[in-house]
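Structures are listed in the sections that come next.
Each of the next two complexes has chain A plus one more chain, namely chain B in the first and chain C in the second.
Coming up: the complex of A and B.
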């Protein structure tokens, strides 16, 4: 990869891999299915970088990524994206 | 650790794999270097497929019992001790000397690129004030939710006005009520409202592209053309540009900023030299212009090693004073002309795509900043002295490729708001956030319109109503598409109440038991 860590870039919000155990709880609170969430490609640079971080490993399609944005309206906003293959 | 690399055929690689340990003869001169203990072989020029442990690099002297890359003109013998199959991208390596690896006639000495240790950022939520945190938790206990921003304002107000506990609870209750009221109602047509809110002030925007706007001496597309560019998700904007910030050590030093700006400006051979073609004798002559070279901060010694990388086989390079002569072993009109064409666009310095770079002093932040025409985010972020975490480009597609969809979403909001603000228009940011959320919904940046999200609606009738009606209807007929009539456009077509507002609500009667 590269000499830089894009997770530290100003424009990249926090991305966290949601543990499989917590997925159901999140989906229930939002009242949606995995397929209805916004998507993020598995080949997305952030996902590829996240896989290299210690203690995360391979991220397979179907997992949920929690994104914590610095929101201009809410202060902090949490959203979720489903990982898709290609 | 330096590694030797070259390009070979798959057949040869398989042969070495079979017969190792063995000597292997290559057809180029490699200086004997004892520090090289490893070799990588590529077939495609994109990935290395074999890694070999080598013990000796020596000139070829007609040894027997060795494998040969070619039948004749062999020059170097390397002794391969062990070889194994691997998979590694060429981009992970950097060339130190020699030519480029993706050329059959050359070898390169490479090193593995430094890799950043990936650390995760801190949780933003963890950094919140403890009072704010406890307030949010308290509200959540009752099944409500409060945005962080409002919670922060509430706690600040409590401190500022010295509100007592009892009154504060009343305040929270009133805030929650107001907050719920301001929310969007179910089945509100947010998309239409958003389109109106951007479209109406948009009519007042300039149709013309202004030049020299924003930063001095720099072309930036503004106004309506820029807004259209953003929502169309063009591959490259008409005026790509970057803002490069420097690291703490370098940002106060003008000399460092200027030299960095110079080193990224892409300079082609034609910028610093005249090129003459002699077709009768079959050579190309490069006449270096001393003055132009000085202006660009380029030395003659820097050009020569770069020229060796030219992607033409069997090119002979000879030097005279301020002249470089390139000829072919077997010159032909076509080859010489091809060589000339290659040389015209040959890049001797800088990063791909960056046409110009200027340095300006930011009075507010008290630091030197580099502005560029043309964009190469991945290239610039790798450079020393560059604060990659703040470095930005206005090319949204490039951002999505280098920094991911979420950063692209951020960029769309940032670019569209700043375009509207520059025109003196105040559009609520929520509309632009909706637009960028829709554009990045699928994980890619998609345009709004025929090729993007409007062309991907689930309903045939809605698509047909938008554009190219007959094409959509015909295709739907051919594959037997079903329209569930869930959306708005399709229900208008068939004459039913639309699924918006009260039209979307169905009454049902539950009998009391």
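Coming up: the complex of A and C.
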């Protein structure tokens, strides 16, 4: 077990696992397909940390992660990534 | 419209040419090393055999029957008497030699291991990872090359060494290409995948050449010089060598000459074949032309900046372009460019004859191709009839052709005022390096433009040249006008402010016009105002019975109507102005009420007034403002007159004494510090050694000396001094530069430290060993005006050299960094919805910049300027509400 939770670090933006039910709605509102979204590896430390959070379990390739960043100009900037294998 | 379907490249496969394939694709077996006979006809079976294609117009190819532009060229071949190594495959040959058994040709690993590797290959084949496949191949090689006893035939292998460039040795004994080839022939097809070869398309023995492909003649054309002399291509020269040596080798072999002679010839053939492929092989002397120039062979054609890729594929030469020296022209608008008449007559725009331009084009054709005349009138160089046939317009036929002109003809007319062109200066580091200008045809031979446009191009007039491209289609012109015109690029996407603005004399002039609101005699004022495009004059004032204009009233003429603005000028935080009023620039209802116009008002990248006009009134008004500004400045400065010289740095005797005192004081202070240090009276500062502490204290003492000298200099040099005017207004230089000229130059440093390297325990032999005083470590107490003493001069040069080296290193490094960045980003684009996509349609950013903000329209990086909006909506009343 890691000593620290990297998601708690102030320089790591918030990562949220998008519920499968909401995926279609989000993709539609963005006007893109899952394949077009930027990718994030399943082995990414952030994904590994997310998997350990209660009630999430294994994150399989194809799921979507929502990343919320703070922006000086935009307030908050939401971006989405598709989980891929490896 | 044809629908274009974009296709992605799924896979690229590289294969080897087999000897059979080389023979199969060959149109002729070349046996003679000659090219042409005495009559100039190509020799049969020679290097210029017409079966390999044609390069002379009129002749037909013997293979395909095509003429020059139809025949693609055909390969020939040479049968090599003895096999030679292909230099491009040296590494592969070496690795195969060392990982296979010289007796049975198997990979020197037990079957179980091989099977394991095959399993892994199959595994990766499913997942399509080339990198992993390469890893496995190199793993096989490194495992197998260390094995001595072949696990298959129990033969004891010897270690193979590569004797660069092309010789292989086995325990000192030379391996001939022939032997290598025989070994490679023994390798089983089944083992090839573990070596990295696909047995369907490549066999290892094909890396040893037995048949040599001769490229088509249009790859290596003969050049006929003006003198009628023929000159062969470098490749042809090299092929001549190959054939000649090949022939001699064959003759000697067939005659049964001594082995030594044959081996020498064989090595020579190897050398020629090697240099044919790559004339810069390490360990091989480059083959040279008779003149001593080294030959450009295959690899040299492709490689590097002048190679095919970077020079001919990534970048090309274009038509409708011109290049010449640039020079300034303050009477042109920032949107214009002056084009020399000579260039304008060569550069053309093709127009189709319609009802609307019929008469205009007819008149132009009548002008003919044009002559040198006082007033430039555009003519026509060529016309194309509807059937596509071309007529060259000359003075003789111009009237005749003009009469015959019909609707639908294409007319190549010369450039005229108002044409839209692209103007560019290399290095093109940002998008403002290429902007659209409106043409003004002018006499003489330079391109000319407004001085405000120097900044985006980073141009000056010490011999700079620039390029110009004439746009050829209506769409291109429209697009350029909307997106690329100079005025559309006022605001830089780098920092969100105006990149163009007044420079040097513009600032000096307008500063002098507005500083303390001088009285300008009526006649002078009127003359100055004739420089600008205005239809009114300010009210003159009467002083002692004479009529004057006020400087600020004249300046106010160029301001757009209704400007209300208040900001701090450069003088705001200076002690120069005792009342402190000149630093506060206030403009009310389009009139300059208070303050001196300086760099902070109209300067490039920081002019608050310019920025305000641009944002409130738009780019067109901004351009007009700057045009008028620069013209007014030219008028003012040519009337008032402005000059500087070294005696501007003259200071009175008492000031000189004070400056000397400051210098001596600093030196004594340093001496004192050193004494304290030697007596152990200095305590360590946190994070520093004792020496560091002393250094930082000394540096502080010396920089204080420079500041003090700056203070003294500015005290004695007032606003009646040209250099001070330039420094205070921000036109050029700063007070420190003046202080260095008049007072003390100060400490010279290398990498932020006092000079300390050189001889043992001292910087120069002029000092005592261990002297760490001010002068021994690069302190310069002289001024530029007085001159430096020899040691000071040396230290000053050292510091200067560091600056030069720094710049050289920085530019090359940042240039390469930028090149990589551009290559990575070049085909990204912003879609209509504001997403950033790559060519595959994958998302790079969901919203441009993740905030959708155009940085050139941002206010110093922010999307909205709240202060500005509040002021605009609620008026200046609300000013007081600001805390």
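Convention: the second predicted complex is superposed on the first by the 85 of 86 C-alpha atoms of A that agree within 3 Å, B and C clash if a C-alpha of one lies under 4 Å from a C-alpha of the other, contacts with A are read in each partner's own complex, and residues count from 1 in each chain.
The rule is simple: contacts are C-beta pairs under 8 Å (C-beta built on N, C-alpha and C of every residue); 3 or more make two chains touch, one makes a residue touch a chain.
Here the structure is a predicted model, which is why all the values come from computation and not from measurement.
Chemist: Is it chain B or chain C that touches the larger share of residues in chain A?
Modeler: B
Chemist: Looking at the overlay, what does A:80 touch: chain B (first), chain C (second), both, or neither?
Modeler: A:80 sits against chain C, while chain B stays out of touch.
Chemist: Pick one for A:69: touches chain B only (first), chain C only (second), both, or neither.
Modeler: both
Chemist: Taking the superposition on A as described, I'd like to know which of chain B and chain C A:31 touches: first, second, both or neither.
Modeler: Once the two structures are laid over each other on A, A:31 reaches chain C alone.
Chemist: Which parts of chain A are touched by chain B and by chain C alike?
Modeler: Dual-contact residues (chain A): 38, 69, 71-74, 77.
Chemist: Quick one: which bits of chain C touch chain A in the complex? Just the residue numbers, please.
Modeler: For chain C paired with chain A, touching residues are 833, 835, 837, 841-847, 849-853, 858, 861-863.
Chemist: Looking at the complex, which residues from chain B come into contact with chain A?
Modeler: Spelled out, the residues of chain B in touch with chain A are 92, 113-121, 123-125, 128, 147-152, 378, 381-382, 388-390, 392, 399, 401-407, 410-411, 413, 429-430, 433, 437, 440-444.
Chemist: Can you list the chain A residues touching chain B in their complex?
Modeler: 1-15, 38-41, 44-47, 49-50, 52-54, 67-77, 81, 84
Chemist: Residues of chain A touching chain C in their complex?
Modeler: It is residues 30-32, 35-38, 69, 71-74, 77-80 of chain A that touch chain C.
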